[in-house]
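Chain lettering (A, B, C and D) follows the sequence in which the chains are written, and residue indices restart at 1 in each chain.
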Amino acid sequence: MIWQFDLLILALGVLCALASISLKDLLSAAIVFGAYSFLMCLLWTEMGAVDVAFTEAAVGAGVSTVFFLAAVYHTNRAVKPRRRGRLLHKLVGLVTAACIGLLLLSATADFPTWADPNSPASVYLSPFYITETIPQTAVPNIVTAVLADFRGFDTMFETSVIFVAGLAVLAILGSYGRRQRDYEPSPTGQDAAHQSSIVQTACRVFVPFMQLFALYVVAHGHHSPGGGFQGGVILGASFILVAISYDLRVMQRRLRERLAMLFAGLGVLIYAGIGALCLVLGANFLDYSILHTILPATSPIMARSHGMLGVEIGVAFTVMAIMVIIYVNVASHGKSDRGL
Amino acid sequence: MDNFFIAGGVILLVLMLLTLYRAIIGPTAIDRLMAVNVIGTKTTVLLIIIGMLFNWVEMFVDIALAYALLNFIVTIATSRYFQHHKNLCPIGFGIRHRKEGARK
Amino acid sequence: MISPEQYPVLIVVTPLLSAFLINILGNMDKRFCYPATLLALAGSLAAAVGTLCRVANEGVIHYRVGGWPPPFGIEYVVDHLNALVLVVVAGVALVAAVASKRSVEEEFPHKITQFYTLFVLLTTGLLGMTITGDAFNLYVLMEIAALTNYALIAMGGNRALMASFNYVVVGTIGACFYLLGVGHLYIMTGSLNMADIMTILPSLYGTNAILVAAILMLLGAWIKMAFFPLHGWLPNAYTYAPSATSSLVAPLMTKVSVYIMIRVMFSVLGATYVFTVLPVKELIVWLATAAIVGGSLFALSQKDFKRMLTFLIVAEVGYMVGGAWLATERGITGAILHIVNDAVMTLCLFLFSAIVVYKTKGHQLSNLEGMFKKMPLTMTAFAVGALSMIGVPPTAGFFSKWYLILGGIDAGQWQFVVALLFSSLVNAVLFFRIFEIAYYEPHSDHHGHSAPVAIDEAPMSMLLPLAVVAVAIIMLGLYSGEIVTTFIQHAVPAGI
Amino acid sequence: MEMLLAKYNYWIYVTLMMIGIYAMIAKCNLMKKIIGMSIFQTAIIVFYVSIGAKKGATIPIIAHGHGVAHEAVRVADYVNPLPHVLMLTAIVVGVGTLGVALAIAMSIHEKYGSLEEDEILERQE
């Protein structure tokens, strides 16, 4: 924690939040919201939450703002000025916000001071995680160890949440399962051939490095910030980049929607399957240490480490596929023909 | 040395505030886009500075790298938007609403 | 093979694993989806029943996920309360799945795969919420249930979209309030395990932060269950949802939220805190009274059959919340018994409404005309559900209402007792009006003599589940004494 | 200064949360509601991450490697990793909700040609 940064970043964050809800132009609101997410990433880094910051970096810069832009592209950009009758809503909103605010503020009086090393949260459970991570799992990144092993069950459902989100977007918007519609050329003639060749060349050079980096992030999650989720988002973002710089169809030639859905299901199956394998081998669900009986030349502790790597790969699969699916459906309004 | 980095970071953050002015007020969406891009670049630098302050910069390089890799996707996406909808600055789209009648 | 030790986790993992398999199989051939769904839910039900038997014999079961000891890892706790709820959730989901076949094929033939995957995942979420002993794990599963729910409702198209969007906004607020409440508990106690929090909490009872945590968690649960002043999202969402969705969601979503409220009250905050330290007992019973009266009155004013049922749900939520906050043994027993009974009763009514929608393409009261002649069996089964909602003795609804009334008398909360009686009266009026419409009114013939109506029963896949549910309602009524003595008695916290 | 800083983070999280709630209730435009929802969720993440902060501690990755001598891990040296894990999950849930909400909003726009709540309700009649 660095309090000088903390103070400034939080102040800037509040400004950004206020601006993004009061701007009348949704495109600008989405862009300013992107700035808000940069600031949040900085805030979390400064408080030492590097993994959270990494996730926010990948999500905020890579996908969520693009989702917003794509949604604005297919709907209205302008927020209509209110003619009448919103006063009551504003009043209700203000009163509710004020009530909740006062309620929460009254609780802060009992909280331990910020960053107090003797707060209950710091002395009760976390010492176990900090001291036992290396002896029990041989993974230096404590967050990865807690994420994938101590509380691995949460993470399995977190991956399922992502899977559900992708499936939900498909179910609401998608034409998936129907015959793919014929490709309609854009009325303005803006398709792959009309893109700037500077952008296309740059992206063509860039995307392999991005994917390589993403694989590194997945594989090196045990030793540095990162892991399946962050790597998966970056992988997904690389496909989104192809779709934006060329055309949705060019991207879909690399990763078909059907294949992406298969990957998504497969990813969670890898995760839950490793858990179920432990069950079949006679241990509790997700107790990776039993895997040493089938993995050659490992101790139970190293088996935990390998088990975590396995589930991280599963997470990366799902997240990558689902980010692509959400983008394809939101950007093409479910038609999967041409994107943003 | 820490004080030097803290001072540098604070200066960058104050500059970010100035950029944010353009991002919030900026008459056209392109102004905002540029401003947010600059904020993104500053973020990359600040991440490294925070890494220096934690005395463990190699752990922070990955995050900064992710930003460097991903930061421009939004820019390209927005440019695509303008390629299709060629209205950079519809009138009446500030934080304040002027001239409502002039809109289409 | 897998030992009974592992049953608790199998309840959740079986549907979870199958959901992804269903999705992969369904992409190859849609015909796999329906049998695979039934198989998955049946497996889950079997595990739930196995767990129930173990709980009845051995008492509370603890299961360590990942093998880590409780406050550090995630723990599953199956006690007398949630063993019962688990069986109900798995059973209702299975019956709803059996009945869904025709309506799904009719309403969205292109999205069968997505529908069944989401259906099974929703069930997973609800089961996981019920079984977990970890406050944060509950939040994650709550979000799974919520996201699938939004999607399943939005699949109804048209007006369901706006209803679903409102549900997204309100549901997110609810889930975030719960998460914030957990955060407040975490910052004060440093723990996330429910049982662990409860042992640490007594020394902190006086603090504002715990008070705020309690308010936030309860608010979150109330928003999710559509408790009276916060019920705005429910009627539209459930009315416009596709009928296959509403027959799963309507019986379970609110009931599981009520279960969560009871879990938060008795297993996280502790009965002493909730009933003696918090000064809100009376207020909440009054609110519940308002919910019952308001829900009944709104239901009375509806012309739309399905919408009427949704307002009845609002009233029924009032029953359970009021019962739990009566703070008497019989009141709490009634509330828990009503979770079970009401899930089955609501399932019966919504299965019937699915048949009505399937047969007549609408859910207005006028669509019901002449139903007794056309589908005698269906209407008989529906009549059982309706009588149970009214509270006629041999059916299940009577017994839980009886306990609630006794609890109200014990607590001296007469307004609640009056509201219960009033609601029974309103239900009687409502359902006898429906019987009248369905029985007497001829099929659009104004000349005094009605043409002979051919019997046109609902398809077997919809009729059979409805019949099973009707029988279940009577069985639950007959065996309610056993249920109370074997399970619910142990679930009521001691010292009330 | 220290007094101001002692609870500063908690005050700001409350402010962000109020902004989010206000946008979700008072704003008429569906996109604005979605932005409000995201702000609301980040506010909670700020709260949790603030719980995890610890004075004088470094990031929750245990120093290791060839150059570093293996010695006992001191708890005071590392920030509390548990809130970080929880918030990773919350961010993921946030993205999921965002995607679903945007998809529903786009379907609504396709159906009713508007993103303004009151216009949609008018057109539903």
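Please note the rule applied: a contact is a pair of C-beta atoms (placed from the backbone, for glycine too) under 8 Å apart; a residue touches a chain by one contact, two chains touch by 3 or more.
Please read these numbers as outputs of a predicted model, since none were measured by experiment.
Counting C-beta pairs in contact across A-C and across B-D gives the higher total for A-C. Note on chain placement: the centre of chain A and the centre of chain C lie 31 Å apart, centres being C-alpha means. Distance between chain B and chain D, defined via averaged C-alpha coordinates, is recorded as 19 Å. Distance from the chain C centre to the chain D centre is 30 Å, each centre being the mean of its Cα atoms.
Chain B and chain C have centres, each the mean of its CA atoms, that are 47 Å apart. Within chain D, residues 21, 24, 51, 58-59, 61, 63, 82-83, 86, 89, 93, 96-97, 100, 103-105, 107 each touch two or more of the remaining chains. Annotation for chain A: residues 48, 50, 72, 104, 108, 111, 119, 121-122, 125-126, 129, 151, 154, 158, 161, 164-165, 168, 172, 224-225 touch two or more other chains.
For chain B, residues touching at least two other chains, in rising order: 54, 59.
Chain contact topology: the protein chains form a pattern that is neither a line, a ring, a star nor a complete graph. The set of touching chain pairs reads A-B, A-C, A-D, B-D, C-D, using the touch definition from the header. Put simply, chain A touches chain B in their complex at residues 2, 4-5, 8-9, 12, 15-16, 19, 22-25, 27-28, 31-32, 34-35, 38-39, 41-42, 45-46, 48, 50, 53-54, 57-58, 61-62, 65-66, 69-70, 72-73, 77-78, 81, 186, 188, 190, 199, 203, 206, 209-210, 213, 217, 220, 224-226, 230, 234, 237, 240-241, 244-245, 340. On the chain C side of its complex with chain A, the touching residues are 2, 6, 9, 13, 16-17, 20-21, 23-24, 27, 63-68, 71-74, 110-111, 113-115, 117-118, 121, 124, 128, 136-137, 140-141, 143-144, 147-148, 150-152, 154-155, 180, 184, 186-192, 207-209, 211-213, 215-216. Contacts from chain D toward chain B in the complex involve residues 58-59, 61, 63.
Interface of chain D with chain C (complex): residues 21, 24, 30, 33, 37, 40-41, 44, 47-48, 51, 82-83, 86, 89-90, 93, 96-97, 100-101, 103-105, 107-108, 111, 120-121, 124.
Residues 103-104, 106-112, 119-126, 128-129, 149-154, 156-158, 160-161, 163-165, 167-168, 170-172, 174, 176-178, 258, 261-262, 265-266, 268-269, 272-273, 275-276, 279-280, 283-289 of chain A are the ones touching chain C in the complex.
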